[in-house]
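Scrolling down, you'll hit the structures one after another.
First chain A sits with chain B, and in the next complex the same chain sits with chain C.
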Partner chain A sequence: MRLRVDGKDVEVQEGTLLLQVARVPTLCHHPHTETRGLCRICLVEVNGRLQPACATLAQEGMEVKTETEALRRLRKTLLEWLALTTDLSQAPELLALLERYGAEPARWPEVEGRKEREAVEDNPFFLRDYAKCVNCRRCVDACGDGVMGVYALTLEGRGLLAHPTTPLGRPLPETPCVFCGNCVQVCPTGALRPLALEVA
Partner chain B sequence: MRTTCPYCGVGCQVEPELKEGRVVRVLAPDIPPNHGALCVKGRFGLDFPFSGKRLLHPLVRESLNAPFRRATWEEALDFAAERLLDVLRRKGPEAIAVFPSAKTTNEEVYLAQKLARALLGTNNVDHCSRLCHSSSTAALSRSLGGASMTNPIEDIWKTDLFLVVGSNTTETHPVIAAMIKKRVRQGARMIVVDPRYTGMAEAATLWLRVRPGTDLFLLNAMARYILEADLWDRAYVEARTEGFEAWRASLEEYTLERAEAVTGVEREKIALAARLYATTERAGAYWAMGVTQHTKGTATAQALVNLALLTGKVGKEGAGLNPLRGQNNVQGAGDMGALPDVYPGYLKVAEEGARARFEALWGVPLNPRPGLRMTEVFEAIPEVEAIYLIGEDPVTSEPYQDHLKAKLAALPFLIVQDILENETTPFAHVVFPAASFLEKDGTFTNTDRRVQRVRKLLEPPGEARPDWWITQALGQRLAQALGRPWPTYPGPGAIWEEVRRAIPELMGGIAYARLEAAGVRWPCPREDHPGEAVLFRERFNTPTGRARFHPVDYTPPAEPPSEDYPFTLSTGRVLFHWHGGTLSRNSRLQEAYPELKVEVNPKDAERLGLQDGEPIYVVSRRGRIRARAWVTERTPEGVVYAPFHFAEAPANRLTLDALDPISRIPEYKVSAVRLEKVD
Partner chain C sequence: MENPSLLPLLDARMPLTEEKVAEAARLAGVPLAQAWGVVRYYPRYRGLPQGRLLVDDPVARSRGFARLREAADGTYPPLGLEAFSPIHVRFTPEGRFVEWAGGLVPFRDFRLPFAIGHGSRLIPPEPILSLAQYRALGGLKALSALRQGQGSPDGVIRAVEEAGLLGRGGAAFPAHVKMRAVAKGASPKYLVVNADESEPGNFKDRFLLEHHPFLVLEGALLAALAVGAQKVYLYVREEFEAAQTGLLSATRELEEAGLLPVPTEVFRSGGLYICGEETALLESMEGKRAEPRLKPPFPVEQGLWGRPTLVQNVETLANLPLLLQEGPGAWRAREPKLFSISGDVARPGLYELPLGTPLGEALRRAGGEPEELQAVLLGGAAGVFTRDFAFPLRFKERLPLGAGALVAFGGGVDLWEVLLGLVHFLKEESCGKCFPCPLGTAVQVELVKRRERNRALVRDLAETLRGSLCGLGQSAYWAYQSLLEVEGAA
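Right after this comes the complex of A and B.
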């Protein structure tokens, strides 16, 4: 099938996600987890409407725009809000995006954010530092359906209070966790990181 | 930089991040076989090269009574070569054995077996597969003419039914287990045959809790039922197999009724399992030590082979016979000829044509007599006077530890070549300090025959040297004294080139340059060949091209429970540790699982008045160990399970050295013990 992306004709097979043809930034998307359309960073304009590229299938005749003024403003705002609420100091890719979109978090009033959360150190292998967590769900998916099928992580709460945790908030060694660290592998912000990094 | 995980046979690709000479983080690239996934060992257990117990200098001594003294490499190599030559002159080549290591690279294994055969003239060459999958390789070789997984790991995504027998996959091959479990979530079915309620049993569609050591009866009964219900693949059996009628006749006694009585599994469940396996086109069998580590290990693996042939499952995508190999390079160690009866490429020592090939390549006459297997070598001490032992800790891994220690104490000359001190080091006369996987180049071959690169990221500590360097230097001294050729290889790449020339039908197309992007599977005869994924699509690797049924009969375990020793002890591994513990217990993994826990069923615990976490003694006819009781439904009534990783409480002090008559594997999965309270 054929569609147009930023004015260029593109030929794709059925079942192709827009993300595969549109060069847009992503955050919650990961090839081995099953999160779709959560973070809105990859939004594109499809026939005038905003759609998440990671969760939208290409269709015949689509007119896709990946970098309009509206999209740029939207991404900038989303990134500013993340920076406002979250410690992004160990998220180099997000910091680069902030720069690319000229984000100015300081133009917003302060909000009660996640930055104050204390890191959880409950196992010999990795830290859960949720002050740095943007709730992308990749860890939850890698632990569950995406990779391991272990389900030791889950998302709790809503809105700004939402955060990943364990079942009933138990320490990881008391959950089904097998410490494979596949959650650490997919974490885009350094919220989950090896303890070995800390001592070095 | 990318390299290959040194723990299990999955062969996960890893990118260790080093900072100030330490591994601080391990990420995995999105390429086969693991596509970014790892288990706890690969992710957090790669720090053992930095252990304070690393061997840093060559050590020598005249006798076990003398203390070790630090020596230069020259001195230690000269000393070792002289002692080996002395044994060779006095007692001949049969008095020497060389054990290459399935933890070392293909290049290193190749060189070590070449040293044994081309210089010392002995075929007493073996490796730790003797203790793990030798039963599988024996059955697969005689039936199919090949000793490996028939199907690639990626076939998991095409499999509609998994028959998992005696494999605690979630703990021993966690990344493969995660794939299988995900495929089951996508709708595939899984039958698990295991006495223990493992992670696989938990994820199974159908769990058959057999009594330990009765799998063979179950598998034969499944075959008999499939024949009776006429669910077998007649066309496949006629076109591709031989020996069917004699085998069929051998199944007469294996009725569902008897199977229920012997295995403890309800007959309806056995019939259902048989029906599901026979009627699912893409059904793959996966197995491990629960099948092989029995006095009837070869027979049990054979029963599985017979069942797969009966239902036409071999040579097809998403199906096959898939022994999950344990060590990172145990497949490669076999491929490289670390076996007493075959050269590299499984070419038989006893066959003149094969011998001629290697005589021409190495420029020496070769010994036509197959050598002793590892378990037999230890028994043959002191007729065997010298052992060159690489990367292995038999004191922890062989059965009946006290007996083995007595044998090692009587061994006149032992070279231990390892990266870390272990329980066998105290029996050595020479210690060669080796480089770890992070400190050298080469290749490992994983469980599905994929040859993958190992890359040097660090310098070895102290005076440690790569195993290939040590073997080469020892070989130079032997070659000079014996007047035999022994080329000097500038590095692992040059050794690999010789492997390609030696067995071009398997490895000819696998050049290092090709391995940059991802590993390549053998057989791969040419550089434009992609490497074979599914084996035996057209014909089997037997003289007739057909696969052969072999009748196998059920025999009870060598040491059944008795009044004094009422429990069956089964040994194995846990997620956080690796075999003898040399690696994992010198890594961060030790913190997560510091001591031996023995699984005891709650009913047995109640009878004995044992609390969860209480210290106990586990006692067999051969010794006793102290452990902590873990009261859990994971293990069935009457059975206790002990991992063998703990040198201070070695499960192998308890196990018996009864061996399979064909593979000579010990019966690690069944010995009789009793539990005693600690006062």
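Right after this comes the complex of A and C.
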């Protein structure tokens, strides 16, 4: 099937995600988890409507725009808000995006965010440092439906302060966690990171 | 397929302990992780505020909110009580009460006063709480006719199409499109009545549920037969306790009379604004956190438990008996719409008016003087401020009608305080699933607090929120943007 991406004709097979033909940044999407359409950083304009490239299948005749002025502003603003509320110091890819989009977080007012959270060290293998968590849910999905099926992670709360937690809020060793490390592998911001990498 | 739902299992085990949560999870057949995510999501499991609570609606915000707030122990989101605002509720270990006429009325007994309803077709001459009353009013004719083979399921859908009935929940989506899609789907399939009215300023569904339950049920059953649904769920806002018991007894009465062709169940909502978003609603019914789903697939294809599901608003369905009896042409010629009118008008209440009535005339019906008003909030939190009193109250016009709330504000009102209430509400009700909404609604509160008028900032806020996953975030900036427009025009 044929579609137009940023004015160029593109030929793709049925079942192709727009993400495979649009060069757009991603954050919540990961090839091994089912998280998609959450962060909205990969939004593209499809026939004038905003659609997440990671969750939209290419269709015959689609007119896709991946980097309009409005989309640039949306990505820039979203990155600014993330930097405003979350400690991105261990998220080099996001820091590079902030640079690329010329983000200026300081143009927004301060909001009560995530930066003040204390890291949880409840197991010998990795840290749970939710000051750095953007709540992309990749860890929760990897632990549950997406990869492992052990369900040692879930979500606490609603809104901006929602974040991953364990069943009954228990320390990880008291949950079904098997310390497979998949959650650490899929974390994009260093919120979950191996203690072995922490330099004393 | 269908498991016992987690929410009723948790409700039956209040007050919750870790053991009881684990037991509910086992019975629902879900991981403890899922049950814990649910317990830490919904207010009634996390713990409701206690004490004397000010209902924080747009009217309260316009009547010296700071002083009212100081005199209360806390606040509670809008409850459809705007016609009596400012008003308080009392939450105690003994139960939940509305402060009313110097006393306390338990939620289970509290109905909106019938006298605030004005109309002749959707609003009955008196509360209709028994089958005999409903029959005497001429009710059940459309349902009986359909069951006796006069007309067909497809005939119902064709009549709805011919009438051009648009969904009354706020999105104004053509009702027949959804009905036809579900009718084509394979069984089992479901009808869910969205009775989770939570949009600030709106109390039309609450009124219908409390005073005209048989009309709502007849409409629901007509739709269920039209699409071939095996079951009807009434998803009722959890605080509307009197409406729930009223619907239960009405359902029982129909069943005993052999007039309930489709099994019908009342489901207590999750108790959050987002539960009214149709896919979040379905998630909560399935025992999950009420978070909107990515669409497609749409509920008409994969809805409740993955089955084709028709989700329709209360008022939409309440129109079906009328539409079929009057005939689509006659119905359309003077299409009835319910408007919840509150704020600075002499007779706040619920008004049934022909669609297309000019805003100013609607306000005058409620004893308002458009010339003396500063602005009207149209729709709700997902709504707009306007001064265009000639605006015809019709769907798909320049301004969004939402579910039909009109909140009037007189000359002395600080509209920024009203706006702050709306954006605070949206921030509190953001589920947090996608990124733009929880971030943007939190930033928006701070912008509104400092009365930010910088065009570039407001534009970027709007364009980014517009990228949210569901309608809550996508419309969260409307009120802010519209207030700046109203200011500019003034």
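Methods note: the second predicted complex is superposed on the first by the 198 of 200 C-alpha atoms of A that agree within 3 Å, B and C clash if a C-alpha of one lies under 4 Å from a C-alpha of the other, contacts with A are read in each partner's own complex, and residues count from 1 in each chain.
Simple rule for what comes next: a contact is a pair of C-beta atoms (placed from the backbone, for glycine too) under 8 Å apart; a residue touches a chain by one contact, two chains touch by 3 or more.
Keep in mind it's a predicted model, so treat the numbers as computed, not measured.
*Asks:* First (chain B), second (chain C), both or neither: which does A:32 touch?
*Replies:* first
*Asks:* After the superposition on A, what does A:148 contact: first (chain B), second (chain C), both or neither?
*Replies:* Only chain B; A:148 stays clear of chain C.
*Asks:* Once chain A of both complexes is superposed, is A:178 in touch with chain B (first), chain C (second), both, or neither?
*Replies:* first
*Asks:* Counting only touches as set out at the top, which of chain B and chain C does A:61 meet: first, second, both, neither?
*Replies:* neither
*Asks:* Using the superposition described at the top, determine whether chain B or chain C touches more residues of chain A.
*Replies:* C
*Asks:* Examine A:193 and indicate which partner it touches, taking first as chain B and second as chain C; both and neither are also allowed.
*Replies:* In the superposition, A:193 touches chain B alone.
*Asks:* Tell me the contact category for A:159 with respect to chain B and chain C: first, second, both or neither.
*Replies:* second
*Asks:* Which chain A residues lie in the overlap of the chain B contact set and the chain C contact set?
*Replies:* none
*Asks:* Contact residues on chain A for chain B in the complex?
*Replies:* Chain A reaches chain B through residues 31-32, 123-126, 145, 147-149, 173, 178-182, 184-186, 193-194, 196-197, 200.
*Asks:* If we count contacts the way the header does, which residues on chain A are in touch with chain C in the complex?
*Replies:* 27-28, 36-41, 43, 50, 52, 55, 70, 73-74, 76-78, 81-82, 84-85, 107-113, 134-135, 143-144, 151-162, 165-169, 176
*Asks:* Once bound in the complex, which stretches of chain C touch chain A?
*Replies:* 18, 21, 31-37, 40-41, 272, 289, 294, 427-436, 438-443, 445-447, 449-450, 452, 457, 459-461, 463-464, 466-469
*Asks:* Could you please specify the touching residues of chain B with respect to chain A in the complex?
*Replies:* 19-20, 22-28, 30, 35-40, 43-44, 47, 170, 174, 178, 181-182, 185, 203, 575-576, 588, 591-592
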